[in-house]
Structures are given as structure tokens and as C-alpha cells.
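Should a chain be cited, it is by its letter among A, B, C and D, assigned in written order, with residues numbered from 1 in that chain.
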Amino acid sequence: MDKPYPPLYYTDYLQLDTLLNCQSRKSEEYGDPAHDEMLFIIVHQAYELWFKQILFELDSAIALLSKDPVREQDVGTCVSRLQRITEIQKILIDQLRVLETMTPLDFLDFRDYLFPASGFQSIQFRLLEIRLGLESDTRLRYNQAAYHSRVSPEHRDLLIENEQKRTMFGAIEHWLERTPFLEFGEYRFWDEYRVAVQSMLGRDREVIENNPTLSDDEKVQQVLELGQTEEHFGAIFDPDRHDALRKDGKLRLSHRATLAALFISLYRDQPILSMPYRLLAGLVDMDELLTTWRYRHALMVHRMIGTKIGTGGSSGYQYLKSTAESHRVFRDLTNLSTFLIPRHALPELPDALFRRLGFAHQADIA
Amino acid sequence: MDKPYPPLYYTDYLQLDTLLNCQSRKSEEYGDPAHDEMLFIIVHQAYELWFKQILFELDSAIALLSKDPVREQDVGTCVSRLQRITEIQKILIDQLRVLETMTPLDFLDFRDYLFPASGFQSIQFRLLEIRLGLESDTRLRYNQAAYHSRVSPEHRDLLIENEQKRTMFGAIEHWLERTPFLEFGEYRFWDEYRVAVQSMLGRDREVIENNPTLSDDEKVQQVLELGQTEEHFGAIFDPDRHDALRKDGKLRLSHRATLAALFISLYRDQPILSMPYRLLAGLVDMDELLTTWRYRHALMVHRMIGTKIGTGGSSGYQYLKSTAESHRVFRDLTNLSTFLIPRHALPELPDALFRRLGFAHQADIA
Amino acid sequence: MDKPYPPLYYTDYLQLDTLLNCQSRKSEEYGDPAHDEMLFIIVHQAYELWFKQILFELDSAIALLSKDPVREQDVGTCVSRLQRITEIQKILIDQLRVLETMTPLDFLDFRDYLFPASGFQSIQFRLLEIRLGLESDTRLRYNQAAYHSRVSPEHRDLLIENEQKRTMFGAIEHWLERTPFLEFGEYRFWDEYRVAVQSMLGRDREVIENNPTLSDDEKVQQVLELGQTEEHFGAIFDPDRHDALRKDGKLRLSHRATLAALFISLYRDQPILSMPYRLLAGLVDMDELLTTWRYRHALMVHRMIGTKIGTGGSSGYQYLKSTAESHRVFRDLTNLSTFLIPRHALPELPDALFRRLGFAHQADIA
Amino acid sequence: MDKPYPPLYYTDYLQLDTLLNCQSRKSEEYGDPAHDEMLFIIVHQAYELWFKQILFELDSAIALLSKDPVREQDVGTCVSRLQRITEIQKILIDQLRVLETMTPLDFLDFRDYLFPASGFQSIQFRLLEIRLGLESDTRLRYNQAAYHSRVSPEHRDLLIENEQKRTMFGAIEHWLERTPFLEFGEYRFWDEYRVAVQSMLGRDREVIENNPTLSDDEKVQQVLELGQTEEHFGAIFDPDRHDALRKDGKLRLSHRATLAALFISLYRDQPILSMPYRLLAGLVDMDELLTTWRYRHALMVHRMIGTKIGTGGSSGYQYLKSTAESHRVFRDLTNLSTFLIPRHALPELPDALFRRLGFAHQADIA
């Protein structure tokens, strides 16, 4: 602090005179004050504050990952930002318990006043989905209507505008595609990996066939499933099949990016891959927590209104529940586990590549 | 302590010499020690300890609720036991985070040694489901196999034997059916309630029809949904239709018990209904937390093994996810919210009944 | 909804256009934007939103407990409000983890701009302490200064004005003092209790004297401590000694109120005492969680600034840590455990009193 | 799985027939079964299982950090192990809420049977303290007795034997002391740092003197405190003063290790320091969570037994509370925040050193 800054007062800094005057109960306005409406307002406002923070972190991480090239220390920064987001998400989930201290009967004291307002209209939540990379045409439709059918025209424009921007999914995919280590001299990661996988799948088949606790029918069933797993692997080995699955909406991440993510996951013990691995794990954490939140939120709505229509006219909880699974942006990263092979079966890296993945300091010593 | 008890030593009391020697890594036995197998064992053992505690509380609550009549103070005791169970369930959910500190790659270091053991074989978890009241024939089948197809013969017998016992669902239903306050002199709860509901449903229909933000198609859709709600109400007003829905598996709780649960929910402010209401709410809490655990557990399995077959040969996470919704024992209690009506629309109780629902001390004063 | 209400929009209802524009980073204003200042602002705003909600619940509970007489169903309502407060408090504690994703080095990027603003200036937190019943003259002084020495004159007036109002401590004490069941006909609770206690203390002394694992010195020490316990009991049996201890600041709750709280704790299984017991337990929960928050907050401050002076000029964490213990408002309720006696030693209630503590419905049957 | 392993059964793998038969209630043995004793046993057993896991992780991390030199990828492994420990610690803290579902009155139903067993006798907890690096002679004494005065002779031997082993504190100190980057060519970290600090302290003094909200007395007080901060800095600049403070027990970490920890904290954005920084932060996390657990545990004991003597003869909660603060092993790492300087005031690293802290891959490109 080289020059003196004017003294600051806590209340002014946080704009509390404004912030703490944004809670106005409709039930009170209509002359019939319902105690629990205050909680309802404040819980939702707390959610919106946190959504703002998550968007702030997300935007910053997307920007860092959109540089070309991405600076190595920025990968660490992105990991920290994702960890912050996941800490916030835990709060988001736990806040549902606070809302559930309102009983369904208490909700009825003011529910009619809120019509047709609905959490479906949370612009920040929609932005959050968009910024992560949820695509408009893969969204579940609610009552045949587009997700932004019930927001104001200016909000609709804002959402559509944001759909044009680079998303976290896009940034990560692009960053993965540029990973330089898949080819190095004569080394081709995918060739080494394919050999290792084929030997592993052969072992898995033996495991099933020699399992004395399985009936013949069960064996048939499981060999069938193993066949499906081989299908997936097939796509990993064959860029064309991979692209076909992408067109069908069964995969989303590009073939190159998928290979890179796999390489990082398998060789994460190498210093230069350590943070990239934590970045991918952070995305899966975030995805899992968002999915958990969606599911828990659906349970809360179910409990609160049963099978009735929601305040915004939604039958609600069944729709919400199905988004938990269908709106996962980073599913392909979670599914990477399908393609892992045990460390002991992992092909060794060529020595020169191995050294490049280490620290300059060590290389120097060596 | 009137007579002296022999002095007790912490280690002996908790049988730690035995308890802390139950962790034996298969990977170590096979000469290839995998660090993370210790975590895998201890997490599962912690789960089993908690399952034992939950079963202990559950058995005790079922016993108290199976007395005839149920003693009023025992209702409070059952509420406390359910609260204990729900506190434990929060731990069960959070423990998944501990398990997720094991990465999918680390799991592969010892996964093959465990074949075909599987969490499907947790007898205590099966008992827990049975004691709650999950019925064998409403269970989802996994690969066409009964839920107890993969446990030892003696465990299978134990499970089948337990299916004969009184469950929490059964005890609650029976207790609800005996609630004495639905009829009192000329008062019939359901008649009063029906009048109030019909007026409320009329209002809801108006809300939809006058909603300027809905298109005509949406209105048709929502009126359709309201029609479904009226169907449910129909069943509440008509014991025969209720029984038909039960036969179809769409409802489970008897008509009489459902009415009683509704009465308790609506008039919970009366002293004698205060604990019964908290008991019903506690069951919904427990059901919601179990559902949340099932879902989170499925996400963890997905993350750990992707779409591969599980250690017990299960394709796993899809099956686990679907049990979250389909294995809810107390769904009818959650759905009660559908039938609530706002306090201002609630029919008043006859004065003599009102007094009976209060404390003797007050009645005396009055 | 008998008349139509104007349709409501989510964004307007929650005043999000205002709420989400209250985050203005000083570091940005001074041309040196620090990423983490946004988190710093939003975490503190989330705290303030929750403080508002806690105050809202607290005010309502105090009002209900200040009626004369307190309505029995309102005791249940107060229990629910306390449970809501404690659920919020868990969020308050967990939010510290979110703040701790900001590292001490990142805090330095904007800390100087905030001078001399400080959490010490949170008016709502001060109000919360005051409404609970923390007395101005028992507060720890920070640097010899009164707790309101660093707030604006109008805030100071507001705090002093609120010190005049009925507090939760005052309301509870007054409510306890009016408990009608301590005397009933010839029955005097304290006489029965005293006999039971004296027999229990005799047993405790034996336990120490016959403990083979204690050295003679240890026995002397423990008998000394038992003597101190007897001192406390002495005060419970002797209103004058109790009042003397209150004057010394060692006790706070009046003798009559303490006896009533003890009666409720010991006979909580009686229906009419069930909610009052949960009310007392709820106060202890709240007190414990506030104490935990204070302590955790102090640890966070310690971590963030080490032993440096705080943004408001406070050396901070040592002071904060000591308030955890010294600012407990309901310590006397926690200490009640000292005076409990095992159920088997509990004097039986006279039959007529026993019946008065039950429900009218049962009395009627009997 | 190249050769077939014998099929494994879940119950056998987890040794559940043994594990689930280790719960034997004393109250039942003495013919007076107390329901809540089961919870008491199982909670403590769950703690002991987790303690075993924490010790397992701790031992492994100490071993990795005791190699010479420490392998870079092992630093990442240690970070992961600490993160696992901290996830477990969160469970340990939350489990207290489960135990608190037992009321003080319910505890009295079986408390006498347990005498003189006590949590003080948990060998694993003592080992945990020892392995972390808590030194015998800095422990608070309880009733003038050594911490191992109440355990069996063979346990005492085990504890004393373990006091001789390398601890986490020792391993970290030794690892820090070997950090090679403090001197590089003509560069001396401490010289650069000293200049930067002196300029910062000068600014802090100005901040106090020009603070219009402080009275003259307050300024005197704060300048005094600033003086104390300068004292600490003095020690950082002067190895002899540092050693003198260590002898007085005011500091514990060696001068060289402290400088290295500071270097890592200040330059953590450099790739090679990224994991070391996370390791130090992980130790502070663990220390903070252990401290929080100690404090919360003390609150729970207070609530359960008031000011009475504990089952092991301890007056308990006051002692427990004071260990929270006094038994912090990594306090010097937490206090490092005192010595941080803002990024903009951070001296730049010489170019050649900067490059050595990066990845080989980048160096190669450059």
C-alpha cells in the first residue's frame, strides 16, 4: 500500500444496506405473512450468490485453458479453481437440508403467491450449464418446450448469446488435442496401448469363463457385456468408429482428445502429467457433484410438492431426476475408467520421452 | 454402582485386539501388496459396523411400534432412533468421498484378486432393506437373478427367514390404522377433507387456465396432469379404487393408514400429533437419505469401473442407479404432500376432539 | 388463490438484478484486480444472508416464548425453528472450507485495500449475540475496547438499543421459572431429588476410593474434584448459595429456572415434557455449534494471517479463540449434565402428577 | 489375473463373522441392558478403524519422505495420502454428531459399568500423535501424570518404542532442509527476502500510524504488536535468534527448514514447487482438522458429563480443550503466513534458477 486508501467500513464494502433489503415476502405484501417465505427467499438468494461465484471461477478457468499454448502453472491454477467450485458444490448440496426444514404444509402458506415463478428461470443456473458445455439440442425438453421458453426475452437473448462462447468442455477438448506426448520419435501411444488392452481383455474373458459361481446363462450374459466393452475399445482404436459414435450422440469427446485424456490418466505419475491428471479428476468431481445436486434437488422437490404441478407449472420432480443422468457434460471422462489397464500391464515409456516428462532440475542432474 | 465391577480396559472393552486384526489384504497374500486395498477394506468394514447399528435401532423401533397399544412416550423414542439412523446415513453418504480418494487406476492394482466378491453380497444391507419393508417381488432383478442368488446357502436362509418378520413398513401401517381420531362422534375426517379438497382442485384448474405464460398446448398438458392428480385424490376418497391401485403396485399403504397419515400431517400442531408427525417425517428423511446413498454409491461405482463389469460380475452402476428410485419403501408417505391443503383451507376440528388432542394438564385447567 | 395475483418472475421475486450487483472488488476499483477478492466478498455476503435468517428465526422464537402463558404447540414450533438455525449453523461452519480455498498469499493481493474494515464490524453478528443473550459486561474486551467501539455511531445506537430487548436467554429463563410442576400438592421436586443425589454422590466417592488404578495422589486430586461437584450441588439445594454464585458470574440462570430445566431433563419421557426437553437440547445444540464456529473461524484467521494484525487492526486469532469458550450464553444448560442422576435412581412421580403430564386422550381412557 | 485365484466371498474377505461379533455390551453382561451402549461401542470402533487407516497412510508418507533423495512423483503421492487423511478427519468430526444423538441421561444408564476405561487409553490415537511428531515433553500433563500412565505395561512399551521412530514432523523438516534452491550461483534467497520484508514492515507501521479510526492508546498497542512481529522476522533473519527461540519451545522447525518452507510458499507457482506447496498446505489442513476434532470432542464430552469426572477419572473437558491448541505439531507451518509478502513485492528469481524450476519439456523448447 504505497499511497493511502480511504478507510473502508465493513457494511459499505459488502453493500449490506442493499443486500439485506432484497428480501421481500409476497405473502406479506398480500397481507398474509408466511413465516417460512423468508427462508425460501434467502436460500434461493444464497444459491444465486454461489452460482455467481462458480461462474466467475469457471470463466477464469476457461480463459486460462484457451490460451495457446496453455501455461503449465495455469493448469495448477485451474485445478485450484475447480477445487473451489467443488467445495462450493458441497455447500449447494448441504443447503438443501436447510430448505427441507420447511415442511410441505408450510410451503402451502405462500406457494400460490409465487405463480408462475420457478427455479427453471434461474438464468445463472442456465448460464452455468451453458458455460460447462451442455448443448441446447441434447437437453431434455420439458413439456416439449425449449429450456429458455419461460424466461424474459432479454434473458433468452443472453442465453443464446452465451451458447456461442467457448465452453469448459470445448476448452478442455482443445487443450487435450494439443497434448504433444502421444507421438514421440517412433513411439505411438495408441499402438503400445492396443497391445496391452488386447491382452487384458483376453484375461477378462477367461475370468468369466472360469468363474464357478456363474451359471451358463450368466456367463453368456457377461460375455455379451464384455463384447460391448470391446465395442467401446474398438472405437478407441478406430477413429472412424469413434466419429460414428459421436454422430450418434453416444460419445462427445473427440478421438484425439480421448486418447490424450487416457494417456494422462495412465501416466499421471510423471511430473508434467500430475496437474493435468488432477485437472481431469477435478472435472469428474465437479460433474459428479452437479449430478448429485440435481438428484438431491429432485428429491427435495418431490418431498415438497409430491406429484403436484410446480410453481412454474412443472410436474417437476420426474423431469428433474432425469436431467441428473442425461445432462452430464463430462461423462466421457468418467467413462475413461472403462479403458484403464492395471499399472503392471502398462507399457513402459521410451527413455527420452520419460525424461521430457520430468523437471528441468532433474534432467540437469541426470 | 452398588457393587464393585471389575475394572475395564479400553482395548478390551472394544475388543480392539480382534477388531484391528480383521484387515487382511488379498494383494499382500498374493505377494503383490497394493497400498489402497487397506482403504478398500476399512471403508467397507466401517459401512458394516454402521449397518449393524442401523439394524439395531430399526429392530428396536419396530418392536416399540408393534406393541398394542403403542405407548405415547415410545413414539418419541422412535423419533429419536430415526434421528440417530439419519445421522448415521449422513456419515454413510460422506464416507463415499473417502473411498473416492482411491483412483480408478489404483483400484486396478488389486481388483482382480477380489473376484467374484461384491457389495451385492452384504447380508446386513439386504437385511436392512428387508427390515424396512422392501418386498422380494418388487425388487429389481439383476441379470434376471433374485437378489439373494449370489450369497451362501446359510445366508439365503437367513434372508428368507427375515422376510417373514414384521417390518418397519408393516409396523407403521398397522400403527396408523389404529389412529383413533378419524371418527369422533358425528365427525368424519374424510368428509370434511373431501369438501376442502374439491374446492382447492377447482382453484388449481383456474390457475392453469388463467396462466398467461402458458400456450394452449401447455394448458392441455397441465390440465391432463391435474387430471392425474384428481385420479389420486379419487383413490383417497374411494377405498375400492385405492385397493385397486394397491393391487397394481401403484400404491402400497392401506387406505385407512393413508388417511391417518394425512390427518396427522394436516393437524400436526395438536400436541398429541406432534410426535407422530415427526415420526412420519423421520421415515421420509430416512427414505430420502437411503435413496441419496444409493444414487451416490452408483455414481462412485460408475467412476471407479466405468462401464466395465463389477468385481461380482455386475455391469453395475446402471442397475444401482435404478434401485435408487424403484426401491423406495416409504414413497407413499413422500407422496402425501400431493394431498395436503393449505392451513387456511383446513377444516376446523370439533371442539371436543380438539381438547382430546391436547395435554391433560391443559384440559384440567380448561 | 381466490383472486388472481399478478404473474411473478423468478429474477424479480429474488431481486437478483440488485443482489447480484452488490459485488464490487476494491482491487478492481484501484486498477489491480485480484481474482480471489470476489470469493472473499461473496462468502461474507452469504454469511450475512444467513445471519439475517437466523435473526429472523430467533426473533420469532423469542416472541413465542414471551407469551404468557406460552402455548404448548408453540414450544414445538420453537423446537423446529431452533433446528432450522442449527442446520444453518452447519452451513456456516462448512463455508469456512470454501473460504480456505483462498491461500494466504492470494489474500495478500487485496488485503491492504480493505483496511480497516473487519468482521468485527458485522452488525448482524453482534445483534445475534445480543439477541441470544450475551451481556455487554461479560464480553471479552479486545484491546481494552468495547465491542461496539469500531462501528458507526448509528450502528452503535442500534446495538445499544437492542441490548434493552428481551433475549432468548431471558425468555427461556422466564419460561422455565413458570414451569408449574415442581410443586404439586405435597410433592416438592427438590426434596426428592436431593435424597437421590446424596446417595449418588456417596457412590461416586466410593468409586474413586476403590479404584485400584489410581495412586494416592490421584485419589486426593479426584476427591477434591468431587468436592467441587458437591459445591455445585450445594448451590442447587441452596438458593442463597446459587444467588451468590450468580453474583460472582459463575452461574447465570436463576435458581428456579435451573430446577425447572433439571426437572424437564430428568422427566423428559413424560409427554408434556417431551417438547420442552427438545427445546433445551436445541439451545445446547445451537450454543455448541456457535462455539464450534467461533473456534473454526479463529483457526481460519490464524491460517490466513498468521500472527499478524487483522485487516481491522486486530491481532485477531487469539482473541477470537478465547471468545469461543467465554461467550457461551447457555453454558448453564450444558452444565446441567453434571446434575443428572441415572434413571434407576430417579424418584417416581406422584400418580396424580404423572397423569397431568400425559395427554387428555389418555387421561380420558384411564 | 494370469493364474486363477480361489473365488472370494464378501463376508469372508471382510472377516465380518469376526468383526460383527466384537460388540458386547457390559450393561447386558450385568443383566441391565442399556440400548445406547451399542452406539457407544460402535462409534468408538468406527473411530479405531479410521485411526488404523490414518496410521497406515501416515506411515507410508513418512517412508516416502524419508528416502534420500525424495523422488519427485512421491511428493504427489504424499499429497494424495494427506488428502485421504483429511477426508477421513472430516468423517471423524462428523461422527461426533452421531454420538451426540445419545443424551447425557442415556449415557448414565451404563456409564458406571465402564469404569475406569477411557478414551485416554486409545493406543492408536497416542500412536497417531507420536507419528505426527508430538513430543512427550511438550504434552500437557493430565493430573500431573504422563500421557501413558494409564495404559497397560505392554502398550506403554509400544508407545515408548514408537517415540524413537522418524515422525512426520522429522521427515518434513529433513526434507525441507535439503531443498536445493535457496542458494544458486550468487543468489541467496534470504538476502532478497530480507530487503522485501523490511520495506513491507515499514508500510505496515505507516498503516497503523495513519489509521484515523484508532485512538492513541490503540496505536501504541498495535505498534507494540508490530514490534512482536518484527521480533519473529528478526529470528528468520538471524539463525542464532531462531535457535534460541527453539530452545525456549517457542519455535520448533529448524531455521533452514523454515526458510525452505517460506521459499516454497512464496514461489509455489513454479512447476517444481507446486506439489511441495500442496504438501505443506496438506499438513496445515491435517493439523487444523485434528485441532478442530480435539475441540469438538471436548465440547461433546462437556455436554455428556458436564463438569463431572470422566469414566477414566478425568475431569476431562477442560483438559481436552487445552490440548486443542497446545498439541499442534505443525504450528510453525501455519505461522508461516506471518512471513508472507504480497506477490507484487516478491523478488524475481534469477533466470537460470527460474528455468530449473520448470519442466524438462519446456526447457527443451526454450
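By our rule, contacts are C-beta pairs under 8 Å (C-beta built on N, C-alpha and C of every residue); 3 or more make two chains touch, one makes a residue touch a chain.
Fair warning: this is a prediction, and the values are worked out from it, not measured in the lab.
Visitor: Show me the overlap between the contact partners of chain C and those of chain D.
Guide: A, B
Visitor: From chain B, count the fewest steps through touching chains until chain D is reached.
Guide: Graph distance in the chain contact network comes out at 1.
Visitor: Sort out for me whether B-C or A-C is joined by the greater number of C-beta contact pairs.
Guide: Greater number of contacting C-beta pairs: A-C.
Visitor: Centroid of chain B to centroid of chain C, CA atoms only: how many Å?
Guide: 32
Visitor: Give, as an integer number of Å, the spacing between the C-alpha centres of chain B and chain A.
Guide: Here chain A and chain B have centroids separated by 29 Å.
Visitor: What is the distance, in whole Å, between the centres of chain A and chain C, each centre taken as the mean of its C-alpha atoms?
Guide: 39
Visitor: Show the residues in chain D shared as contacts by 2 or more other chains, in ascending order.
Guide: 1, 7, 112, 115-116, 207, 211, 213
Visitor: Flag every residue of chain C that touches chain D in the complex, lowest number first.
Guide: 32, 103-105, 108-109, 111-112, 115-116, 143-145, 150, 204, 207-208, 211, 213-214, 217-218, 221-222, 225-226, 228-229, 232, 265-266, 268, 281, 284, 288, 291-292, 295-296, 299, 302-309, 313, 315, 321, 324-325, 334-344
Visitor: Which residues of chain D touch chain A in their complex?
Guide: Interface residues on chain D, with respect to chain A: 1-2, 4, 7, 72-73, 76, 180, 203, 207, 210-213, 269-272, 274-275, 355-364.
Visitor: Could you list, by residue number, the parts of chain D that touch chain B in their complex?
Guide: 1, 5, 7-16, 18-20, 22-24, 26, 30, 35, 38-39, 41-42, 44-46, 48-50, 52-53, 56, 60, 80, 83-84, 87-88, 90-91, 94-95, 97-98, 101, 112-124, 152, 155
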